[in-house]
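Following this line, the structures themselves.
Presented sequentially are two complexes of subunit A, the first with subunit B as partner and the second with subunit C.
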Partner chain A sequence: MSNLRQTLYHALLWLISLLFFSPVAWLMLSSFKGRNDILAVPAKLVFTPTLDNYVQLFERNGFLQQLLNSFIMSVAAVIVAVVVSFLAAFCFSRFKPKGTDFLMFLLLSVRMLPGTAVILPVYLMYVAFGWKDSHAALTLFYAMFSIPFSVWILKGFIDGVSLRFDETGLVNGASWWHVIFRVVLPQVRPGLIAAFIFNMIFVWNEFLFDYIIGGRKTANVPVALATGAYADGGVDWAFVSTLSTVYLLPPIIAIYVFQRYLLVGMTFGTVRGEV
Partner chain B sequence: MPDIRLDAITRRFGQQVAVDNLSMTFDEWTVTCLLGPSGCGKTTLMRMIAGLETPTSGRIFFGEREVTHLPPRKRNIGMVFQYPVMYPTLTVRENIALPLDNNAGLDAKTCQARIDEVLNILQLGAVANRYIDQLDAGTRQKVAVARAVARQTDIILFDEPTTNVEVNAKLQLVRAFKEVAQRMRQTIIYVTHDQTEAMTLADQIALMRSGAIVQCDKPRALYNHPTTEFGGWFLGSPGMNFITAAVKGGRIEAPLFPAPIAAPSGIAEGEITLGLRPEALRLQAAPGAGTVPAVIEDISITIGGRYLFRLGIGGISVKVKHAGGAVSGLEMRRGATAHLECPPAQIAFFLKGQRVAAAAG
Partner chain C sequence: MQSNRSGSPASRGLLAAMHPTGQAGLTARFFALLNDRRFLPLMLLTPVLVFFIIWNTIPLLWLLGLSFQKYSLTSGDDPAFTGFANYLEILGNSSVWQDLSRTFVWVFLSVVLQTGLGVALGFLFWGSHKLPGRRIALTLLFAPMVLTPVATGTFFRLIYDPTFGILNQVIRAIGLPSVDFLGQSSTAFWAVLAVDTWMWTPFLMLMTLAALGSVPKAELEAAEVDQLPWHQRLRLIILHHGKFILMLGVLLRTIDSFKTMDLVLQMTKGGPGSTTNLVALTLYRQSFESFNLGWSSALAVILLLISIAFTSIFIFVLNLKRRGDAA
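Presenting the complex of A and B:
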């Protein structure tokens, strides 16, 4: 390909990327604008930046609690999910219990269910158990929702670890515990990280269940965004833009740091390594 | 130190029977080679002894202890596979030490002493502090052996450990195994399809076919006195010549003999199979007592400069291995006529695949 053509392609790609990124950029820039600058027509690109919106956001009643809720529930749910999924995937991969294929199919199809389809029975169940607005109960639900996908990812990775590793360990006096955590686990670390990040993003973005089976005490950032967006008879753009920026940062940082593993996770199962 | 006793072991995979109702005892402190063609069940048998497979039926004993349903870790065994698997981030010494460290009953001093001992026996001292990636396949396999041996288990199992090693390293490795077998008092079972290896290493060879042990004997005895046609065919390079002949009035007629020879006693009239080792047949240029003329169909040279002939005699074809250089006075070309002598004492007689009697003398 000639140099000129390549430059043109790159320019085109950049243009498209910027076009798609522009709303996000507008949102992020808005968070540093004063109230009058945000809705100015035409949009102001040059303005005096201010941190007032951020100060107001963090002083807002309950915001820190909501941010903390998001963090704690996503991390806790994903840790539970990854631990359970890793052990389940190991079992499916190595012991192949009867009906493994069917169970794996069932797991995937459960994951395909839209949340709205299950929200009513889940709501009734949680109310009956007295679990509404409880951190532990919501965490449990998110973990349950994250497990199927994690089992799928991790089974692919564990299948890729040759049985020779297990057998060599076993005949040299290792226990199953040693084989699982010291021999197999280190080899599927990219899978664990991929499963962790993917599920983390799912729980981090979750709105519906937190809104319905959560409550004031357990509200997360998406719920805070939805309930706080309207103020004084209109959309509070300063609040929306500031909160969204704060909300966007952790996933962006996480993806940047772990992008290598995410690529592995997306192509999992397509390349199998042999010793 | 226990022996290994198998009591009517069967292992099925679906419809396929890998090991079929096999009973056998492997004596303590001996090296037994399980020898047989691919798919004869030797690896499955070994995996059951290791505890990596559970028999469909039957029991396994180590000494007086029944181990049929114990996990490998509780059986006090060591095993070396075709492909050595090691921690690439650890050095040779650390890899050997790891299973020992996990054994709570050992103090650090004993561990070090054991490691030094195996490093010494297997001549791995020079690479003790290298990483596994820096070693060739043969040396890696030696490290795997060292790791298994250092644990000083009662039983060590080898599953075709030289398959993926190149020829020169293979010889060294086999020599190292022999050294280990002599220095360590352990009951060793060694699976292989390479008969030279089996002959070199084994105190006894168990010849397997279709899930059963056909014959178990000392290497030389197995070679000289195969009890089945299969044994005669499988051992030796090439294996026995088999010739079908007719028994008439207590005598056997075949184109190999100038005159009918005496049949072994108790053989009925009918067909019999004669088994002849290619190296037992003698070839000469001039006719002599007991020779028959034969036409050379093919000549090739095998290991050690031995000539391998294929000769045609009255419609049958036999392989003859001739030690030492060319046959004196013989025209070494296809189509030439040679004279073949078949000493009756060297003939094995088979009926329906089973050996019936030794030579009549």
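Presenting the complex of A and C:
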């Protein structure tokens, strides 16, 4: 009896998970349909799968460049952000300079502000300085936007590393830099991973900033999706579904592989634990 | 080689006097300086401060300055200082108030719906440790959070489509007339809210699971032994331990929900009429479609202040939690 109950319970949980995933599954399914099958009424669950949409997507002008833009900008921005944030987080955690709390608050509020309000002055600044549509300038802005989150996560983790490690190192003649990079850094690896993964997902999915302060050269895939979805007076659903399927696989794989870090990642490191 | 550079013995002596240990000493002193406890904090902070000043302080001052000016890219007039005129115009503008109140309704409904559903799902998944394929099931469940909002918004337009959309096909199959969910003002707001709820319920569920995970097992077992009624268990044990994590989740969602922009831009562009026009979208349009920069800057400053107020509440609760953890 209790076994049956457990089976039913597990079936219910799986049903809920699949229900939540069903729109995504529908999207993925659509990407393998021929152009006529996508808009078929009644909708086709059984159809002849085709890879035509994928072939067309990868042959599309500029697509590989946009995919590369997404990838390079998210990786580069996050590497810069994590390095810079690690140093700052070490400082906040160990030296607690005056105004630490206030600075941490300021940093966090950067991430809490509405994107539209943040990007308006940055747009004016970029136009004035001629930084628009530049990979480096866009990447550095993304880095700035990834810093608050990384500082918060890493400070939490560095706080958890006992001061005795630092003291032992310093007493034995190690330099501060040795303590920072060789003693503390290896112990906050989970924090580094969480900061990496969740900022990467953020930059990977980001649309508005690239759309406003980027341009043709630096367009990432979300921008390509938003601007390229319309063709012949309607939405090109084959393009939308295929592009989305290709693009959402990395984040989904990331939350499967790094599920342990999901909680830390989604809460700026303010909540720890596993699910 | 050394003597070549330093010249005569006399000048070498002078150099030695200026730099007591010569070239090698300079490097050593440089490293000593790098390692100096007095300068170290500043050195560690400099990169962050540089980033913060260039990409935050300067733009924000710029924004503040513009918000006191009459400045529009479309009019061709030079910017002119007008004091608080933009702010007064916004405060007296009924359509901005409508957008703001619509946004607060949006925030309230999305947070309440998502918290309700998320908490329910969290409790449901509480005992799921033996679920076969749990990691895959949770990945599927959490997937909506990490999808590109642009892709989600666009694709849901196909799902909601009155003719081709799968949702309307189901509705027709059970004998009801098609509904143009995104095209009519009575349903558009709710249709977008449903997508937002689909995206973010998993987040509140994640927070609920974390909150439940923070409840000590021993206390629950003791309650079992004492046969404490369920409402007392909930109040005295579960809420007592889990409330802060849950509150942080609700606050994070509130802050994020206030920023919603991508989704409505993709799904409805604020329409039909202005029924789904959230204030972040108003700001977007005034800035980047009408190029009404002075006015937009003032609105941006107002939105920034609202977000900072939310963030302060978040920090306040966070500090309460820290104090609670330490005690």
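A few points about this structure:
One rule holds in what follows: the second predicted complex is superposed on the first by the 259 of 275 C-alpha atoms of A that agree within 3 Å, B and C clash if a C-alpha of one lies under 4 Å from a C-alpha of the other, contacts with A are read in each partner's own complex, and residues count from 1 in each chain.
Here, contacts are C-beta pairs under 8 Å (C-beta built on N, C-alpha and C of every residue); 3 or more make two chains touch, one makes a residue touch a chain.
All figures in this text were calculated on a predicted structure; none of them were measured in a lab.
Look at subunit A after the overlay: subunit B and subunit C fit there side by side. By the document's definition of touching, of the two partners only subunit B reaches A:Glu167; subunit C does not. Looking at the superposition, the partner that touches the larger set of subunit A residues, subunit B or subunit C, turns out to be C.
By the document's definition of touching, neither partner reaches A:Gly233: not subunit B, not subunit C.
One geometric descriptor of the composite model is the angle centred on subunit A: between the Cα centres of subunit B and subunit C it reads 80 degrees, in steps of 10. In the superposition on chain A, A:Ser175 makes contact with both subunit B and subunit C. Touch criterion not met for A:Gly130: it reaches neither subunit B nor subunit C. Once chain A of one complex is fitted onto chain A of the other, the partner contacts of A:Trp14 are limited to subunit C, with no touch recorded for subunit B.
Here subunit B and subunit C sit at a least CA-CA distance of 7 Å once the structures share a frame through chain A. Taken together, the two complexes place residues 175-176, 275 of subunit A in contact with subunit B and also with subunit C.
Interface residues of subunit A facing subunit C in the complex, by the touch rule stated above, are 6, 9-10, 12-14, 16-18, 20-21, 23-24, 26-27, 30, 39-43, 83-85, 87-88, 90-91, 95, 97, 105-110, 112-118, 120-125, 140-141, 143-144, 147, 151, 175-177, 201, 204-205, 207-208, 212, 221-222, 225-226, 229, 235, 237, 240-241, 243-244, 247-248, 251-252, 254-256, 259, 262-263, 266-268, 270-271, 273-275. Note for the complex: subunit B touches subunit A at residues 50-52, 71-73, 77-79, 81, 83-85, 99, 102-103, 144, 147-148, 151, 157.
Within the complex formed with subunit B, the residues of subunit A that make contact are 162, 164-165, 167-168, 170-176, 178, 275. The residues of subunit C lying in touch with subunit A in their complex are 31, 34-35, 37, 40-41, 44-45, 47-48, 51-52, 54-56, 58-60, 62-63, 66, 121, 124-125, 127-128, 130-133, 135-151, 154-159, 163-164, 166, 169, 173, 198, 201-203, 206-207, 209-210, 213-214, 245, 248-249, 252, 255, 258-259, 261-262, 266, 280-281, 283-284, 287-288, 293, 296-297, 299-301, 303-304, 307-308, 310-312, 314-315, 318.
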